[in-house]
Amino acid sequence: MPSTAAKKSPRVPVRSGRPAPELVFGDLWTFDPAPETADPKLKPRYDLFIDGAFVAPKSGRYFDSINPGNEQKLAEIALAGREDVDAAFAAAQRAFDSTWRRLPGRERGKYLFRIARLLQDRAREFAVAETLDGGKPIKEARDFDVPMAAAHFFYHAGWADKLEYVAPGRRLEPLGVVGQVIPWNFPLLMLAWKLAPALAAGNTVVLKPAETTSITCLKLAEILQDAELPPGVVNFVAGAGETGAALVGHPTPAKIAFTGSTEVGKHIQRSLAGTGKKLTLELGGKAANIVFDDAPLDQAVEGIVNGIFFNQGHVCCAGSRLLVHEPVADAVLAKLKQRIRVLSVGDPMDKNTDIGAINSAAQLHRIGELVASGRKEGAEMYQPPCRLPAKGFYFRPTVFSGVSMSHRIAREEIFGPVLSVLTFRTVEEAVEKANNTAYGLSAGVWTDKGSRILKLSTELKAGVVWANTYNKFDPTSPFGGYKESGFGREGGRQGMLEYGQLA
Amino acid sequence: MVAPSSPPALRRLLDAIGTVDAVGVEERVAKYATRSIKKAAKVWGLRKAVSMVDLTTLEGKDTPGKVASLCQKALRPHDDSVPRVAAVCVYPSMVRHARRALGSGNGVRIASVATAFPSGQAPLRTRLAEVRAAVADGADEVDMVINRGAFLAGDFGRVQDEIAAVVTACGAAALKVILEVSELETYDNIRAASFLALRVIREGDFIKTSTGKTSLNATLGNNQVMLEAIRDHYLDTGIAVGMKPAGGIRTAKQALQFLVAVKETLGDAWLTPARYRFGASSLLNDLLRQLEKERTGAYQAPYYFSEAAESY
Amino acid sequence: MSRLPITKTPKPYVGGAFIRSESGRTFPVRDASGAFYANVPQCTRKDLRNAVEAAAKAGPGWARRTAYNRGQILYRLGEMVEARRDELVGMLVRFGESRTAAAREVETAADRLVYYAGWADKYEQVLGNVNPVASPHFNFTVTEPMGVVGVIAPDVPALLGLISLVAPVIVSGNTVVALASERLPYAAILLGEMLATSDLPGGVVNLLTGFRAELVPTFATHAHLRGLSAAVGAAERKALQLGAAESVKRVHFAAPESPAAWLADDAQSAYAIREFLEFKTTWHPVGA
């Protein structure tokens, strides 16, 4: 590839004499707090949702769900034990046999349309609940998580009576009962990703939300009731690892769908060996976001910021490795630092907050540990000056430059607002570095040249490639990983195929 | 710096200054619209916006009387609690009437569109003569239009030379260079034209989106592209140029969104009438209306404010 | 003293407004007992021309909407039909359908709208594709709407027939000028009121009432209509095809053999959408 370094001089400030001009991002015009005030309508205690009703756990045990933004308790969540999981699967099996599998696709679809509409109706309430429970900025819960969750129900509703088009030449039959386990980073959205295609294809479901973020899942159970979904078609069991193990190890489900860490994913895959059950896994990532010298740099910087700081970096497909073409490395880093200066970090409920709270104390600790390793291994760290709230779990947006492929921060998934910046010289080197990982969930490419985008999209071993954009999601667009980022796709026709058997 | 009139002129200029991705720009500016500005911050923003207004009348039916009442409004937009606007903006034939109405040294400047506004379709010497006449009649600022025909034909040298000639003709008057973004169409063109101007104008001059005489005027998107051009030019040369979106900004809410863009792109040093203006007429009364609402807590009727265009 | 009911003036829905014919002409419709019910506008060639203008004006904006948004709007239209189920059933009964048949027709019509609403963001995934060409090029085929499409609805079933023809045409971003059942134009009058309250932009669907013999020749020859979807008999088919040839118009005859066949699931499919799509293939090099 010909070097284009020579023409770039105007973009890299090289001056002598006067002090270098600087931009001032001070407090001349600071915004007053703008707290979202909609009522999340939380109950003090959430029971399990089994067979169409809220039921207390057999053990009588509950655990606290806290607000990571201020460490206060939000509600008590029922802890599902083995017996509860048994009851949920029994209900799901009954519902599958007696009602759901007999229902024409058209009528199944109507239930999903109802769920989509009822969720749209209560969108703000759910957004507030999501933010309180998970720590993400209200802006994101309001403008992304909840509308996107409704969109997933809407999209898959339309497939329910069109299954003959999903698998041309064959008939797509439901699998039966499906067990699903979802993570804490997009609680409601991941639930929609799992639930909607499973139901559209005619399956019934037992789903476990993550233990730190069960509230919107159990609130959705209210919507399922309002939609008059037949009892047992969807069952929610809350709890941590033990509950998850009981769900995954249960004999009833014909399929397990899991989104979470690669470590747990491998464990699940081992535990299903020999059972004949279907499995889809959506696991970790360490995506490369590759910026070439001909890229629209300001938009690339915006994409870098969106790629790593969206949802505090709690995103499996986060663009956590920035690969910058050497001719523009300084310019990109300078623009990136300026951009980070105006990110607002703090109270997730403030409508102006760009980066909210880290989901849990444990996750905050892990991020801190990996950042310390980055400093110890000699990478150069930048954090913008910003005041963090006294209570709650917060971490400053962090950019490491001078990172090499052997640094831990270039290899391990941090799952936090921490970016590692590496450089490259040629297309081939960019591809090599991007693919030099056990993960393969996603990648980003920034260049003005269309043929180069397609070349990279051909060579990158990743399930999603974003070109001149990043972190874009749509119900119609399949999502999922290569290699140790998992297998199976969610969304689109490919996603529907994961929830049926060919007859 | 820029080769004259060869077909790849735009490509070469973009190679030097970088391209713009339209979808990305629009995603960026959509975030400004989600900023929630309340209470003291809102009042600060509204007052700042009032002080940045170039109160404008540019109509064939303008008369000395109309201009005089505009000047009165500029000096005292509502009551003593509200700042004066930055400037009045009128046609060259009205400059002397504005000067008579405003007097001098009271803080409101006189801007005049010149250079065969809005089309610019007059010989260069005619355009320059118009600039000199406006300045001689008392204009503190001149709003010129660039030669869009030459730009679109790839004759960048001519575009830039003409701007340089107007800079000279302005003398001590500040210059605002109107790109007429709707005729340039693309963000790449807007960025390129911004740089053609930035490279020959002076500290304290402005670049400006539009004449207000076409269907598409200032938007957050083209404002952003121009702010980024100003920022890149400033960081490269140390020369701080101002920005003036014009046309289409009618509500206080819009004005605050534009100011958020300034705050987050160029920073505090541009939150001043010396470096940011709004070319507008009906915007002023909406700003006043929202200020009164903040002061009293009650939504205001439009006819409480002088020179209201609404007659209902 | 008994209360005298207020009778409704039937007006077809064109360009987002409820119009009378520019000609000032109407024709009387009578209910199943033969009693006078209302005067319905007898639309003319000029009304058709105006409707095509309205459809053309609405076209670009409608086609630019996201597929998701078009789907939501069609679903909303389904909600409107369901909400006025009783009124629609009563209308069909008044004009001679049995109550059971009327209920079935209205329910199927609502379901059909929901069916096509679901296609909005899916037909592209079924009908478009990437083509493995034998050169270093990325080659893909996508669909696009055609533009303004004329619809000639069957006489029976008046409501379900009209909806079954219109929905697959507009879901992809086409706009429609439709001629209602001549025997039962009142179905289109009510449908217009539902269209107007469904978030569908004005001009996307334009409904004309009037006489087939008068309007079919103009549907055939109006050059701005890019396609025709017609439920017509053999004689009219040939006339439409002859007229269409002049402007190379796509003509599709959608006519299940019997009125009952309109109710069946196979009266609906992705291929009904395909009839009014253009296919566009793009080549782009792959290389760093």
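A few notes on this one:
Every chain is named by a letter (A, B and C) in the order it is written, and numbering of its residues begins at 1.
Note that in this section contacts are C-beta pairs under 8 Å (C-beta built on N, C-alpha and C of every residue); 3 or more make two chains touch, one makes a residue touch a chain.
This one's a predicted model, so the numbers in the text were calculated from it and none came from an experiment.
The chains touching chain A as well as chain C do not exist; no chain touches both. Greatest Cα centroid separation from chain B: this falls to C. Contact counts per chain pair peak at A-B. Centres computed as Cα averages put chain A at a distance of 41 Å from chain C. Centroids built from CA atoms put chain C at 48 Å from chain B.
Distance between chain A and chain B, defined via averaged C-alpha coordinates, is recorded as 42 Å. Note for the complex: chain B touches chain A at residues 15-21, 23-25, 27-28, 34-42, 44-45, 48, 228, 231-232, 234-238, 240, 259, 263-264, 266-269, 271. In the complex of the two chains, the chain A residues touching chain B come out as 4, 7, 9-11, 13, 15, 18, 20-21, 23-26, 28-34, 139, 143, 294, 296-300, 302-303, 342, 351-352, 448, 468-469. By the touch criterion stated above, chain A contacts chain C in their complex at residues 1, 106, 109-110, 113, 151, 154-155, 157-162, 165, 427, 450-452, 454-456, 458, 475-476, 492-493.
Of all residues in chain C, only 67-68, 71-72, 75, 111, 114-115, 117-122, 125-126, 138, 270, 284-288 touch chain A in the complex they form.
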